[in-house]
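The structure under discussion appears below in the form of structure tokens.
Labels for the chains are A, B, C and D, by order of writing; each one numbers its residues from 1.
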Amino acid sequence: MQKKTKTPFSREVLTQFLQVSPFHLWLDLQFGEITDEGLEIIMPWRPEIVSIPEPRQVVHGGILASLIDLAGLYAVMSQGGQPSGTAYVHVDYHRQATSGPFVAVSKVLKIGNTLSTAETSILGPDNTLLASGRGGYPRATDKFY
Amino acid sequence: MQKKTKTPFSREVLTQFLQVSPFHLWLDLQFGEITDEGLEIIMPWRPEIVSIPEPRQVVHGGILASLIDLAGLYAVMSQGGQPSGTAYVHVDYHRQATSGPFVAVSKVLKIGNTLSTAETSILGPDNTLLASGRGGYPRATDKFY
Amino acid sequence: MQKKTKTPFSREVLTQFLQVSPFHLWLDLQFGEITDEGLEIIMPWRPEIVSIPEPRQVVHGGILASLIDLAGLYAVMSQGGQPSGTAYVHVDYHRQATSGPFVAVSKVLKIGNTLSTAETSILGPDNTLLASGRGGYPRATDKFY
Amino acid sequence: MQKKTKTPFSREVLTQFLQVSPFHLWLDLQFGEITDEGLEIIMPWRPEIVSIPEPRQVVHGGILASLIDLAGLYAVMSQGGQPSGTAYVHVDYHRQATSGPFVAVSKVLKIGNTLSTAETSILGPDNTLLASGRGGYPRATDKFY
């Protein structure tokens, strides 16, 4: 479906990259399934991610946006893309996220020469669609900024 | 420019709302200027918000997306809107964010009956535009979900 | 998956709605498959939709954005939503669209009380993904503006 | 504010580019003011752009999305960017567009090495904000697709 620009990164290498980021470590992320279309990232609950504390705790939209952003980037890396970062992200919020863990399911739309794109869904414990969105990731060999 | 749906919230009330959220407290946010178009929110650096640690530390895009999301929501509240949360957010990343503090400057585009919109720019210490974007905020009196 | 808010519109009723719009008639749209998740809309080539005429004709991105916008709206209608119009649309362009017909495949993400969302892919004659995106559609019973 | 990558195109050259596109000719576009931040594009009413014909005629969102897409691209060209096309566009619809002419006011956010961005507002005859949005435009020297 999409053009592979180089050998995709392995789970081990992806995990090393993921754990280089202090924010990713703080979010306590780990990979779920990695397929030939994309991958899953699992995030547990933690008290600091709450936006609205009452009447029931709801996760902040920015945390879900972070997951959609980063899951798309790793999905691109898992399919042979070499992203240097994120150019843009769009997120739709569908339902309040009131309990974890959360699974980000990300699928590559296109591995491009300049920009790769991926779409990501955030599912709650019962597979409910909580949020979904997409991001664009410029190629690392380009001088993006 | 935009229709006011009720008396806008004061700085004191906005600050109370802002500090209800554990994620906002973790981000250590505070309001800057509040005008008749929107407002500013200031966020300091903290080590856990880093995405790329080397060769120089870069803030994670999800943190900037969080700021754009929440600054727009408070901008809507400051102009008489009554948002129940965020329906969607779009973020463009312009430059790497390598030092703080960060100022989110948010301006209301429209206070609507169903949905209000605001656009937000994230500026670095030297007023460089780091990221910008926009969000849509459904009215609290609606049953959004 | 999504909550049905009322009996979905039939193909006949959807077709009547589609053909009320002068712009839709100009685009010469017709429905393809209608499923329990969404629907397809087919658009032929016409000379006025060209953006770049040489070295080979490429369809204007605004035409593909129009298709993504309207296909999502009709997908929402096909699943029991009652959209009053479009609140927002996001479009990613993946490949140049150089020959038709084009098929917009649209799937509802959520039928909501305030806002429904749908995602749409535009496929070329050989099923190549040309563009994709998503839109949000406020409920008709709300006074959106 | 933004880095100039080469001498910006003049109004004459921009007009030549604009009129190469059959879709732009169909929309009957012309430039308004061109400043050192961006430019304006003016579009008249025409019957085929209508989405909803009754009780009063409303312009199709796809037409406004087209304007936001193309005005941003020409704004980038007017500031020294060399876009090859559009990578993505995001549009918010604020009010129904019921009479023309329409003015798209577009301002460059960033001229980038890989991607340039611009934001655009669509104003009605009385300067009412009808829609607004932003687009990302890859550099022509890159092989985008």
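Basically, a residue touches a chain if its C-beta (ideal position, glycine included) is under 8 Å from a C-beta of that chain, and two chains touch if they have at least 3 such contacts.
Just so it is clear, the structure is predicted and the values come from calculations on it, not from any experiment.
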Selected interface, A-C versus C-D, where C-beta contact pairs are more numerous: C-D
Separation of mean Cα positions, subunit D and subunit C [Å, integer]: 21
Centroid spacing, where centroids are CA-atom means, of subunit A and subunit C in whole angstrom: 26
Subunit C: positions in contact with at least two other chains: 87-88, 90, 92, 94-95, 112, 136, 145
Overall pattern in which the protein chains touch one another (line/ring/star/complete/other): complete
Contacting residues of subunit B [partner subunit C, same complex]: 87-88, 90, 112-115, 136, 138-139, 142-145
In the complex with subunit B, residue positions of subunit A that touch it: 20-24, 26, 47-53, 58, 60-63, 65-67, 69-70, 85-96, 145
Residues of subunit B that touch subunit D when the two form their complex: 1, 90, 92, 94-95, 109-110, 112, 117, 119, 129, 132, 134, 136
